[in-house]
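Next come two complexes built around chain A: one with chain B, the other with chain C.
Up next, the complex of A and B:
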């Protein structure tokens, strides 16, 4: 399945996922609600702490920078929501996954394309929320052209990276019935180590360094730091390179894990 | 039916679910680990902020930990003892409520005991530890009266959270959706109350203080116990709890009258 026909099959997955997201728009938007309320709470807290711009800075962040950081954190949190992993976990636990396996498409790539199908709807929501936030708190400063390019690359790389982190954890459903526990553990860890809750610079030095070069930094910290201009030049380039490196590594790790997981699969029925 | 008998049956209903949950022991531990990790991350997040700042609007690290703890405990009680409420939308949509209408036990209790959210257990335990640690780190002036009032206020806070769950889930009688989207959205908004109310703009203060009184789940009770801020408002918590329960019961009753079964 090479060439155009193969690509068309994956595009169909994306389209189906987008349609399903639109059909169940209530649950889809709700998945973004948690991130949106988190944005409101964090904006409110930091506005008080940073005194609306006249209280100097904390941990190297002043109010305009923190505000932009939180907006990017919201965008990265809203992209690639839980839509695909819930469906996938359900299909693995119920055995419906066997129907996915007999399709002449690559399982992992098909799931990625389903993610991509939802991304454009998430992007619309992000633009709307970011617009509102800018309306209430003022426009952000944009980074210089080269950094803006890196920011764009980082945001694009974020989609498959976030997908593969979800995908890897969802594969746990081959071993356990309890997906929610796994999901919460993942959300907790990625929330903290990606810098989505608080910039990594606020952690003790060892943890900040470890988190910065972990696969999780690429989920929020890397694009956010580049956007606000805290990571520039070589440093920014290195961060994006690490992000892409982790993406490649995890992509193939997921393939290896999937092969092992399939051996655990038992599907009943005649 | 006496209250005692109601309670005994309720415990037995929950117990049946508990036994079936414990059949999957590994899943149980994964759930525990997942929820404990969430609270650990919450505390780590607060510690990271408070490493750089002494207070948020005058509220110390331990005060905010206590607010987070109250939300965790209230949510935990909601999950462990009343998780079935979240199933109400599905029961209405599928007309499964029919079975409950013919059983000699209060319908609302049948609904709420239909499920058990074992994550509630770890939330109560971790929340309790967080609250305990917070209380040992704040120098409140304890008198017997304050201890009693404090306990009443904290229990009322939990009742408020459960009542809001019931009222918002009972809204499913009017919405035809099989999942409780509205209730879940409100539940998510409740997370705002983990931070001191004073950081929010007026509209949000009014929402969390009056319309959806989540501030009485965490902020006001904690401010009473700390004797900080407008502590007296915390004493209103029991009244707010009575009000919330009354509204929730009324909404549920009105909703039940609208219930149409499957229509076939």
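Up next, the complex of A and C:
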């Protein structure tokens, strides 16, 4: 009966996470409020910089483009928020991970499904905030049908990709007590190279190229560029393929790392 | 083949050796020194199906580490573990189906969910069908009074409630092997009794139990086998009653007499027993080997001397034996 745990077990983890997320709705909404505020601030700044659509453009981005880019960046940033790595790192450092390891479920898959369970509340808020933003700045221009399909795929793939990046860095908890340092480093790197702060096109050529084909691009830049129409056709397809490729690679890299992490585990106390 | 097997099981923890203070922290960046702490030292253990084993030792002896090694939470530094023939390292999930674990100091309930929801999630994780689930919940309610705990959120449980809920959680999937690590820690007497009764039903159903506890009242009357670990090594593994017969032979008959009787006369009346004065002139204690004499014989011997007002007998407990083992006063032959 080797590992014959079906979806029922993992859906249960998603359910537990979804219900638990409700308990944190207060602090969660507060955090999201902060992010929403940042979105509004960014929109305001870029609106000024790009002259409200009067043929102003920086780095190939005019106002309508930038507006849509920022909306997508907000959505991608809100998905798979700190919930996953916060809970997982806490459980490793406190030793509660013992109870996770005693369950007949794959540790990595279980954490993924917890992440999926938490996504619903993030999705609700994204729709609400994006809706509000659209009310103020007008509806965004949607890409053509095939690109929209690619955008949808990219957004869906974003969730496990963001998860696996988080998961990989959170595994550092098995090696170091100073998880916060690792977390900050990851957030800084991800924030920059994913295009969440500024579009990758604004980077010097070599960095822009490196970032675009890195795993981080799939966290914000790829879906955003497809949505605003700056990545089309074959280019868009390649970007999504890279996103999926990185997802696969990192997924299996994480599995290999976990095996080694278990060897390092120390759980103190009774 | 034993159900639970540990062969030369060893776990070594590596700790960085830092001098205290800022100086030490900086120095450690350049010259790294580590100390190795051997938490579990070549432990050999075999537990047959249906056994109830007490796993006892002073703080820091390696009890909980052993339990974690036997449940696949920690990977051994060397040596092997087999649960029902499976290796927890290679088949962690398959082993997880066969074991139930209760850590007295950690809960497996979801903090923000009511207990009923936590148990429902566990039901799905272990793939228990709804009918069986309902039956088991009913049984838990019967012995543990679980129904009153079901609607309470994980973080709002009192310790007694939490322990009962965690017991249900650990045994929900009716595993053949159960590890109970400090299951009665911090519990009041009423809950302790309830929980101990539950252990007995679990054992009587044929579940193999390994119990780690500092409260020897947990193991008395429940475990037939006693394993003592100290500093990572097993220093004793044998029958609990045999240990008591060998080392806890002494009973104490505490007597209160109507009139004062001189000690020498008492001692003459009770050869083979040690008579000591009590708190008042009319009280004294008779220490005797329970295999050499019975309490009845002692009372009969005293009757001609004086009227007895009151008496009670202190029974030997495994606690006295363990205390003497911890203090080094008593050395039990190892396995």
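One rule holds in what follows: the second predicted complex is superposed on the first by the 258 of 270 C-alpha atoms of A that agree within 3 Å, B and C clash if a C-alpha of one lies under 4 Å from a C-alpha of the other, contacts with A are read in each partner's own complex, and residues count from 1 in each chain.
Rule of thumb we're sticking to: a contact is a pair of C-beta atoms (placed from the backbone, for glycine too) under 8 Å apart; a residue touches a chain by one contact, two chains touch by 3 or more.
Not measured: the values here are computed from a predicted model.
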| item | value |
| --- | --- |
| Partners on chain A (chain B, chain C) - clash or fit | fit |
| Touched partner set for A:263, first chain B, second chain C, both or neither | second |
| Touching partner for A:177 - first (chain B), second (chain C), both, neither | first |
| First (chain B), second (chain C), both or neither touched by A:245 | neither |
| Contacts of A:9 with chain B and chain C, given as first, second, both or neither | second |
| Which superposed partner A:103 touches (first chain B, second chain C, both, neither) | second |
| First, second, both or neither for A:131, with chain B first and chain C second | neither |
| Smallest separation of CA atoms, chain C relative to chain B, angstrom | 5 |
| Common interface positions of chain A, toward chain B and toward chain C | none |
| Sites on chain A touched by chain B in the complex | 26-27, 30, 33-34, 37-38, 40-41, 44-45, 47-49, 58-59, 176-178, 180-185, 187-189, 191-192, 197-198, 202-204 |
| Complex contact set, residues of chain A against chain C | 1-3, 5-6, 8-9, 11-13, 15-16, 19-20, 22-24, 95-96, 98-99, 101-106, 262-263, 265-267, 269-270 |
| In the complex with chain A, residue positions of chain B that touch it | 24, 26-28, 30-35, 37-38, 40-41, 44-45, 48-49, 51-53, 56-57, 119, 177, 179, 181, 184-185, 188-189, 191-192, 194-195, 198-201, 204 |
| Of chain C, residues touching chain A in the complex | 13, 63-64, 68, 71-75, 91-94, 96-97, 99, 101, 103-108, 110-113, 117-118, 120-127, 181-182, 185 |
